[in-house]
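One chain, chain A, appears in both complexes that follow, with chain B as partner in the first and chain C in the second.
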Partner chain A sequence: MINLELVFSEIFLSLSIMALLLIGVYKKNSTNMIYNLSVVSLLIMLILNLNLFNSKDVTLFGNGYKIDFMSSFMKFLITISGIFVMLSSSKYLKVTKIFKIEYPILLLSSILGMLIMISSNDLIVFYMGLELQSLALYVLASFDRNNKLSSESGLKYFVLSALSSGLLLYGCSLIYGFAGSTNFDEISANIDQVQYGLTLGIVFILVGLAFKISAVPFHMWAPDVYEGSPTSVTIFFAILPKIAALTVLIRFLYVPFINLIEQWQVIIIFLSIASMIFGAVAAIGQKNLKRLMAYSSISHMGFALAGLSVGSNEGIQSSITYVSIYLFMNLAFFSCLFMLRKEEKYFENIDDLSGLSKNHPMLSLSLLIVLFSLAGIPPLAGFFAKFYIFLAVIEKEMYFLAIIGLLSTVVAAFYYLRIIKTIYFDDAKHKYDLNHNLGLKLSLTFSTIIILIYFIYPSYLLEIVSKITIL
Partner chain B sequence: MIIQSIFFYIFSFIAIVSAIMVTVSRNTVHSVFFLILDFVSISCLFIMGGAEFLGMIMLIVYVGAVAVLFLFVVMMLNVAQQENEWFQSKKNSATSSSHIPIGFLISAIIFFELVIVIGGWKLKPEIETFNNISLNLGITNTHSIGAVLYTDYIHLFQISGMILLVSMIGAIVLTYRKRSGLKRQSYIKQISRERAGGIELIDVEKNKGVNIDV
Partner chain C sequence: MNFPILSSLILLPFIGSLFIFFIRATEKNYTAKYVALFITTANLILSLYLWVIFDKNISAFQFIEEKNWLLGIINYKVGIDGISILFVLLTTFITPICIISVNSTIKYRIKDFLIAILLMESLMIGVFCSLDLVIFYLFFEGGLIPMFLIIGIWGGDRRVYSAFKFFLYTLLGSVLMLVAIISIYWITGTTDVEQLYEIGIAENYQNLLWLAFFSSFAVKTPMWPVHTWLPDAHVEAPTAGSVLLAAILLKMAGYGFIRFSIGLFPLASAYFAPLVFVLSIIAIIYTSLVALMQDDMKKLIAYSSVAHMGFVTLGIFTMTQQGIEGSIFQMISHGLISAALFLCVGVLYERKHTRLINNYGGIVSIMPRYSVVFMIFTLGAVGLPGTTGFIGEFLILIGAFKKNFLVAILASIGVILSAAYMLWLYRRVIFGEITNINLKGMLDLKRSESIILYSIAILTLLFGFYPDPLFKTISFSVSNFIENYNQNLAISIVSK
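The block that comes next holds the complex of A and B.
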């Protein structure tokens, strides 16, 4: 009862989900109000969460729920990206006629699941959070149910995700059987030597988590789901579940199984190399921007995994820095995508960008910044993100991983630069509408400025992240 | 002791036979009947073993919800109907359905099973012998599950509530469609209706009739 204020943000979020649902059911035509109120409740949650930054490491609920600096920081990232995702996508929802009361409520429940995942210190809590998050995501992917592509993507995501959840549960049961507990701390206390059952369990759980962050070879769902689901859901898919799954991955690998690092390090390195190469090569032939972003996010997750595979605090910190910057790059890119609207229709192919600079110089400029940053060109934020990863990898003398990463960056730069060429050197094609809502403008400006001016004072983020020490 | 093993073998025999019948039976409706019988027999075994909570949950969830749902689906999809016609054309009995005798047989067995097992559980609870696990026998295992579920695992219990809420919202979002032209009953309209607005006196001319759909 004394520590209840540590979970205020989760309690507040669940209460606001139920309250908003009741308001939406009983009040007619209240979609706009519900949407704005859910943004407000996320803002309140952000403030509640800020209080936690100074608290000590505490475990709650029978050691199943951990509040430490990492969980507070990741919850902060999740909440802030949730706010910007909601701000930027309201116009899109109205135009595509999927602006219903259930949409913000499902978004909030998915965010609640992610908060639970981030704080989980127990296999059962982690699984419950994961299910809460993915159940809402299945529905969101097929939210535009009159659109065949959207329904298809929802079904595909549901079937494949259920399969990966099954594998993950099997891994959990193996670990419970061999370590005698589901609690992370107790598992780490009970492990004294390498047992093949435990390794098998780790492998199964890694398969499930790699599916959630769409790392190769468990990426097959990502391009179709990204392309098929509404763009407002795609931006959500591209950012939030990855942050949550990466946090769980860090906690899962580094708290109970740090002594078995020889067992899982090879797997993570393989996932990382495969994702970096595949994401870079497969994106070359893409024509749809959403599909291209799916491959791009696969490649970016490969870099984040490279930081994880190092097995040191610096590696974890570089990974977390990477996802924090990745968040803003994706936010800016998808905000640009939301601006490609003409006569109540959204455009999402690379051809539609041709000659954008002639009619929309500011939009083209921000796309230029974002794409350069995604390609990792200095002095933009994306360069620093990759730089920290390489630093951590080279410090542990894993040169092979660093070389592969550099090569895949070069390959990936090709398709980012090709988009820039289309924007600046091709003939003008469309003249898009200019009446965008304030939230969209705000999120694009905010994220672009962060990407642009990150190099002025890069140690600000580094100082915060350097407080995250797991080992 | 001997009574207990007799009942144990009876229930397990019924469970195994009905499980075989589920797959062997050519009529899908009969298969579902046997599935229900199988579930009931297994839950009787659970109750005999002292796990009365598990047995009751099995009855409620599997027999009460899942199997009846199966039965509905099978009957709605008309799978059984075709099979049935095929059987009937051989036997030349066009009217009588072959579902009814099997249904009666299985429900009679289920009834006797329940009478035996719940009667035994209520009258002679000491008959159960699986006592090698250290349990507090003073309280039933429903009590002990509740004691753990609502204290140590309360947060998981609450989270599962949220998961159920989300799945309910999701199912409604994906399937609910507003149909236009649907006439709904409105009590207020019906009650506030007056004689003057509803009845009209018309002088009918000879051989002309009245046009009523105005």
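The block that comes next holds the complex of A and C.
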């Protein structure tokens, strides 16, 4: 007997996507309504999701679909960031004239894909979710089709992503061949010794996943796509797919292949170190804020991977905590970007922030908080994110990883400081419009305050996350 | 005592800064200034009260507050002993002085400046009170943000370069300390300083951990060869920023050496003491020579700070009662005197907008009152008997003579050099003919300036002649501290 109430949120989302599509086709000028309805459906989903937190671990659909605390928590993160992304970017879409019915629907389908990924307990289910997510993202990246950069970024993302999906599929088939099943639990039961075919399969799948979270050396697409896509899509790219891919990575590495930890641990450590260093160094020369954030997110993913490489529950928890805080920092940063509007035009270069503090003290203050938090300076939330990671890393005496990571934060601090310098020390240049919509103000205020006051009671998040135990 | 007095000390300036944040900015910002002054004065009074009720005859930590903060892993724990209370007092004394000096030195964005200063006060008191390594790190590093902004927004021409250098140097030093702190947690299962004093840390870990802590404190002290950020930061920072930097921020490292480096890693401290001696001696002699050649007054005082802090580290690592007491005294004294010297330079700079020594001369005939206070502080920096500077240096040298004759001799050369550069500075600025005609018509000290300079001068002389209250406060804690240290050494020798 399948317990359908556990997948209510997915079913509800699929139904609302179809309903919204129908409304969009038959009703003229309904974009605004559809956009608002999508936010509402995400909100409903959030409430449906809250019920799941108390349920026991269950697998559905022939053991292919897993509902446990981790999946519920990650779905919660995905939904909440989806809501804030949509709230903050509606004005941007209108101004840049890409406010079309397809946009919210694609966004929702991508979120649906992510939900499936998060709960997947089977390579096939996982691949389905991944493709649903990616296909929607290809279109979203090139959504501003009159803009050359946007089309280019969509195409680039598509070509490279298709390649990585191919590798991933090949890895899946290898694993199927050597382990005799695509189900995570069965693979885990079938593995009794190290087989090179299996290792090869793991490597292929890791490559595919590393591509999705843009870990070095599979990061090449990220800066171009971040820069070229509309900012409303960039914020989406920066947050949601990373959360989903990271969850899959955790489940994939820690459920079927935990016994092969010696095989994959080195790969994850390498990905982590390379991402941390490369992300920090490459961002120094950037002039475009979106491009800079691409490199910054590469380096942040490096930290999340460092937590994953540890091979303990604490490591997983620290990674999840990291992305939870990372989510709010990115949300706040991009919300600030949405505020740089003057005469129906958005600005996205570091120079455009010059002297911002003179005309826009509150906006500058939030940017200041966000940037110091991204740099990991105490007592802001970003510091705690890193602190948990290193707590887990040093527990296993991986000092090398910890020291490299911390040194890379110093390098990274340099380019965040450069932005702060532009905002606070340079002469004023632009005076931006002040009439922002409520959703944008809400998402900026909310996320900034969370970053700022996190230190007062940091246990709260940790208590929730510590319920996630995979091993 | 149920009243959480230490947390109030930490929180009061923070609440004050929130208050000022919501005050509407006006042309003169009188409200903001008065609120800031009121808050910091209240804090000063509170800390003086703390000093009165502080039990000077026990060496244990007092006024301990402990709250569950991070899942039972890390507790918010504050408390003071005889060593830390003086630094708290220094902080609460210097901050109102900075606020008063804002009147004449800061011309724009006064409100933001006051907020930054108040935040700094909160964080600095937090550093000296915290009894948990992670809490300490939080306060220690958190201070970077306001200081970066103080140098960067209100600083001089090369402020960006200096602010970056200050921030990145300090951060680079500190990240290794974070690794060490987390390692300590996994090695011993706690980051509570009091417990760590009891348990001790296994010998085979001590050297590496000591080096990690050292990298942070050495940058902050600053010791040769990582001192180069200090002259830059001082020269570019506004007067109040320089005062905070010299008077308190540098003391964080000295305090850290005593409390953490020696307290937690006694064996490693003994092992590395020669290294510290060498670096200190180089700092004392080399930076004194560099100070001789400066033509910028602020830079000269900045280099003299490095030299004086060299004395402090030297004294600390002699691990003798005299050496450590002298170091603490020297830190307090340097906190007062260097703050006053920077304020003196600020007085001149505010009038003529130059800090070059050559542009001055013969000031004594124009500004007699100024010349007198400047004289007191110059002599204090030189270490003339009767000022606080003398007692600190004298005790440190006694401690050094006990440990190593050569080190003490070399350090004594530093005393002579300090007399050379300070008196030469004084002669060139104050005496002589008035060569620069622009100087005529310069006004003597304004009321706000004289209040702050006189009050520091009185303290310098008072504690110079009668240092007893300070020594009474620290002596029990220090002697207990040294006893612990010697015990630890003895145990390790026996076990070998």
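In the analysis below, the second predicted complex is superposed on the first by the 469 of 471 C-alpha atoms of A that agree within 3 Å, B and C clash if a C-alpha of one lies under 4 Å from a C-alpha of the other, contacts with A are read in each partner's own complex, and residues count from 1 in each chain.
By definition in this document, contacts are C-beta pairs under 8 Å (C-beta built on N, C-alpha and C of every residue); 3 or more make two chains touch, one makes a residue touch a chain.
Being a predicted model, the structure only gives us computed values, none of them experimental.
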First (chain B), second (chain C), both or neither touched by A:I394: second
Touching partner for A:L340 - first (chain B), second (chain C), both, neither: neither
First (chain B), second (chain C), both or neither touched by A:F425: second
Touching partner for A:L462 - first (chain B), second (chain C), both, neither: second
Touching partner for A:V370 - first (chain B), second (chain C), both, neither: neither
Touched partner set for A:F414, first chain B, second chain C, both or neither: second
Touched partner set for A:I124, first chain B, second chain C, both or neither: first
Complex contact set, residues of chain C against chain A: 68-71, 73, 134, 137-138, 141-142, 144-145, 148-149, 152-153, 159-160, 163-164, 167-168, 171-172, 175-176, 178-179, 182-183, 185-186
Chain C-touching residues of chain A, taken from the complex the two chains share: 372, 377-379, 383, 387, 390-391, 394-395, 397, 399, 402-403, 406-407, 409-410, 413-414, 417, 420-421, 424-425, 455, 457-459, 462-463, 466
Complex interface listing, chain B residues touching chain A: 152-156, 158-160, 162-163, 165-167, 169-170, 172-174
Touch list for chain A against partner chain B, complex: 14, 17-18, 21, 61-62, 64-65, 100, 102, 105-106, 109, 112, 116, 124-125, 128-129, 131-132, 135-136, 138-139, 142-143, 145
